[in-house]
Amino acid sequence: MVHQIDYSCQVIRRQQPNRSYVILTLESPEIAAMAMPGQFVDVSSDQFLRRPFGIMSVDREQGTFAIGIRVMGQGTLYLSRLQPGDKVSILGPLGHGFCLEGYDRIITVGGGTGVFPLFFVQQFCREQNIEGIAVCGYRSAEESILTEEFTQTACAVSFASDAGDMTVAGHAGIALQAVIDDLIETNSDISRTLICACGPKLMMKTAARLAKQAGISCQVSLEERMACGVGICLVCVCKTKKDDGTVEHSRCCVDGPVFDAEVVIW
Amino acid sequence: MVHQIDYSCQVIRRQQPNRSYVILTLESPEIAAMAMPGQFVDVSSDQFLRRPFGIMSVDREQGTFAIGIRVMGQGTLYLSRLQPGDKVSILGPLGHGFCLEGYDRIITVGGGTGVFPLFFVQQFCREQNIEGIAVCGYRSAEESILTEEFTQTACAVSFASDAGDMTVAGHAGIALQAVIDDLIETNSDISRTLICACGPKLMMKTAARLAKQAGISCQVSLEERMACGVGICLVCVCKTKKDDGTVEHSRCCVDGPVFDAEVVIW
Amino acid sequence: MVDMTVQIGSLKLNNPVIAASGTFGFEREIEQYMDLSKLGGISSKGLTIKPRSGNDAPRVAECPQGMLNSVGLQNPGIEYFIENELPHMLTYGCAVIANIAGHEFEEYGEMAKLLEDTAVDAIELNLSCPNVSGGCMAFGSDAYMIRSVVSSVKKVSSKPLWVKLTPNVTSISEMAIAAEEAGADAVSLINTLLGLVIDIDSRRPIMKNNTGGLSGPAVRPVAVRMVNEVYNAVSIPVIGMGGIMTGRDAAEMMIAGASAVQVGTANLVKPTACIDIIRELESWTANTGAAGVSEITGTIVKW
Amino acid sequence: MVDMTVQIGSLKLNNPVIAASGTFGFEREIEQYMDLSKLGGISSKGLTIKPRSGNDAPRVAECPQGMLNSVGLQNPGIEYFIENELPHMLTYGCAVIANIAGHEFEEYGEMAKLLEDTAVDAIELNLSCPNVSGGCMAFGSDAYMIRSVVSSVKKVSSKPLWVKLTPNVTSISEMAIAAEEAGADAVSLINTLLGLVIDIDSRRPIMKNNTGGLSGPAVRPVAVRMVNEVYNAVSIPVIGMGGIMTGRDAAEMMIAGASAVQVGTANLVKPTACIDIIRELESWTANTGAAGVSEITGTIVKW
């Protein structure tokens, strides 16, 4: 069965919460209906290749979804300037998202643009009555993003900043450690707890290590340079362990972007 | 003395008189102040090279000038979609325009997009109290352009269409012949009359021939594929006769686009 | 109705648009998005004797109107392909071409032998991959080596043999002539142009492999020129590729001399590109009044 | 303040940005728009023994992020140049390089002799123009010919000798080595890639000369790769060009190994491009903390 993957989406809303980020709400009933947390979309700009962005949230009733954009180069600059009414070609939803089934507590650990797809995880938790704990790391309070939204959506939040001007001083790993310590101190049942990490490689590696130490499951969302976004060009690979222990190249775009932390070779 | 040539011009007005043409009024006090009839501008679009357009009119008081665009491919499509407020990078005014000094009657003969720079000639004639006669050839009345403006600006007008649905049936050459015949019948002094032609090559060639037969001076505005527009790449050449009779390659962009019909090798 | 079929030697294609090697995965993904029976053909990902895991990431660098890739022939090996991928590919209803790349001279023959008993429609000898050290591209830039490889494969294979040429040579027609003389049934060109993109802040090449192969619209004028050069030099069919994004681009390549075209990078920008290109090419051909698309081939009118 | 001067053999340039041959006219036009003393240098339009009127128009075809040209070395001849253009060019206060193109082998030496008594700062041997039949590019794609031409010019000329290489070869480093061995003081690369664009409606090439030379951003990854290859192969300075539009592009070329860069097509899109590029390169260099721009050359860190 052949199904559509390329949608022309209208920009419904453009928000600029701070200097560094723009949030676009885009119309596509199909993508909104199908998208799962951790999946991404691949967006056309004035550049040659598409640009991948994690899906930040969906509004299935309105048939819209949102992405958060940090301006890094020409492509993101172009996209950050789109205005309501503009149309943009988007492939989506793409990739393997987080496997959230069977968990009753989900801790999201995000840094930088990694917080965007994790907000979708928290949105999902709220809908599904899963206990969501959001840990976010930022450079500084000024560069922080979605703090209000996380606070409203998750059951508990912990915001860290490198600059030391938020609740926790330091990186997201420190905040995550505190959350884990707290769970252990309060004798919480962590057998059905999952840590979802997305952000800088080092942060995800730390999250994976802390999770392992505490015996908590952990899934990480990897980022790699992409061309097609749909699995046909093999450029976006990361190294993963097969069941038999051998190393293979998996494609971030279709085999991921979310992988079980156990299989990732950092 | 170094002077500026590259201007960022804001679109002030966008008019679409008919299906085929868009007229953009652009702001640039400098270009408006310097431009002479027959000169052109070289406009950036979303394509790699700039696109040349004859200057259609200037409003020196408002500091604006206008160009008329016929959509032919990607570059003109992009430009035809510009909206008031948009900015565009423009080199100008460029090239050698018509030499209008010393004439007391000027007949402009235009076809297709060639009518645009000729409207500027008529505007100039009106300002300078020169008798302006405008001959325009179109495919059909539906595709005609600037007829009202020419009627208001020139002392006399003659509109021809291939489709036979305007004053003169046939091409601009037939209309020009009639104008010339009329001048001769009325024993007008044609020693200080000039024919300015711009349009399809065949039309200009005809105009040059009729002018020669009648002993009237004639200048033609040539079109050639360009890259730089300012004379430095030598791609836009046409063949011209030197004083000593030898043939040389002249650059349309700086040696032209307007040449004395006598020197052009068709 | 325009006849869209084309004949490449003994092989008849539904239409002249073939998905290029390495830009269509192993079709498991792409078959979700389009009806592959509509294609002229599919050239498989470059196959090697042994499975290869390819180069480390990053394997892609964007550049103006193009991209560099340095995949390095990641593939599960030809035997796995024959057992697990090919049977499924053969159900699509378009021609299936096995693109093979040898590291050693002998490997081409070995792989051709393995393909002999399969229903694969043609073999494309990749003598031009710029992303693996030794072999491959080195073979393709030496007319003597081309001759040897092609004739050795010809000896063991009865399949239509296409030879894929690299543009990184002084004279591509010399290479095409060598392939023709050694028995190639067609030549396909161009593979990618070797390029390098550096991140100026870290002073590191964007790609782990340092260099990579340039493809996409940026190379189209070079590809069209080479296709025309080769078309004038050989009498076997030429399969043209390099930067084809639209039906008009496909028409240009055919006018230059291509009997069929391959579409690579366009698939990565738009997964359904091939289908769009076929539709556009068909309607363009119809507008010219031609009865069949094959009439376009080589109709360039030089000045 | 960053030291922007660079040393190309015995020749010191104000800064590493040179206007490329054929893209700066004879400066009479461009001097109206910018202060040419700010440039590192200017490479003259390709000069020939006899005046040439060049190819018929159209001489340009646009393509994705680039253009083809087929000017065909239109120029008033070297004697006219020496008498009427050079004296004026020498007043600009930047280095002036005479770009010369021979049709016959001997012509290079003859032109070099004519330049010997002038104050021209260097000679650039154009062994790579793709737009004239015979000569020139044929010279540049044969190491033996390069050696012969370069050593014959060396014999009659005391000027710094730059050899401009064509990218239309299998191994550009082989050509660079030949030039170095024969006594070249620097190599400059790349000239244009041979390409073809066809108007599919008329089936005619856009350009009267049919083919032309591709330049602009489209070729940049190929140019950067070749500059790096040549930088690793020779020990004379490399002057890099091909698709430089911004200071960042110039920095990339220098990181790959260029001691100076040339800017061609960018001038055609923006007449003041060179000045902008110098400014951007200067501030980028300052940000890296380098004391001089020459420190950037060859600082690529390969994986």
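Think of it as A, B, C and D in the order they're written, each chain with its own count starting at 1.
We adopt the following convention: a contact is a pair of C-beta atoms (placed from the backbone, for glycine too) under 8 Å apart; a residue touches a chain by one contact, two chains touch by 3 or more.
Because the structure is predicted, anything quoted here is derived from the model rather than measured.
The most distant chain from subunit B is A, comparing centres defined as mean Cα coordinates.
The distance from the centre of subunit A to the centre of subunit C, with each centre set as the mean of the Cα atoms, comes to 37 Å.
Distance between chain centres (mean CA atoms), subunit C to subunit D: 34 Å. Mean C-alpha position of subunit B lies 48 Å from that of subunit C. For subunit A, the set of residues that touch two or more other chains is empty.
Residue positions of subunit D touching 2 or more other chains: 61, 63-66, 216-217.
Taken pairwise by the contact criterion, the protein chains link up end to end in a single open path, with no chain closing the loop.
Contacting chain pairs in the structure are A-C, B-D, C-D.
Listed in rising order, the residues of subunit D touching subunit B in the complex are 22-25, 28-35, 45, 53-54, 56-67, 69, 71, 74, 206, 216-217, 265, 267-272. Those residues of subunit B whose C-beta lies close enough to touch subunit D in the complex are 1-6, 44, 47-50, 89, 91, 224-228, 230-239, 247-249, 254. Residues of subunit C that touch subunit D in their complex: 61, 63-66, 68, 141, 168-170, 193-198, 200, 202-205, 207-211, 214, 216-222, 224-225, 228, 243, 248, 251-252, 255-256, 284, 299-303.
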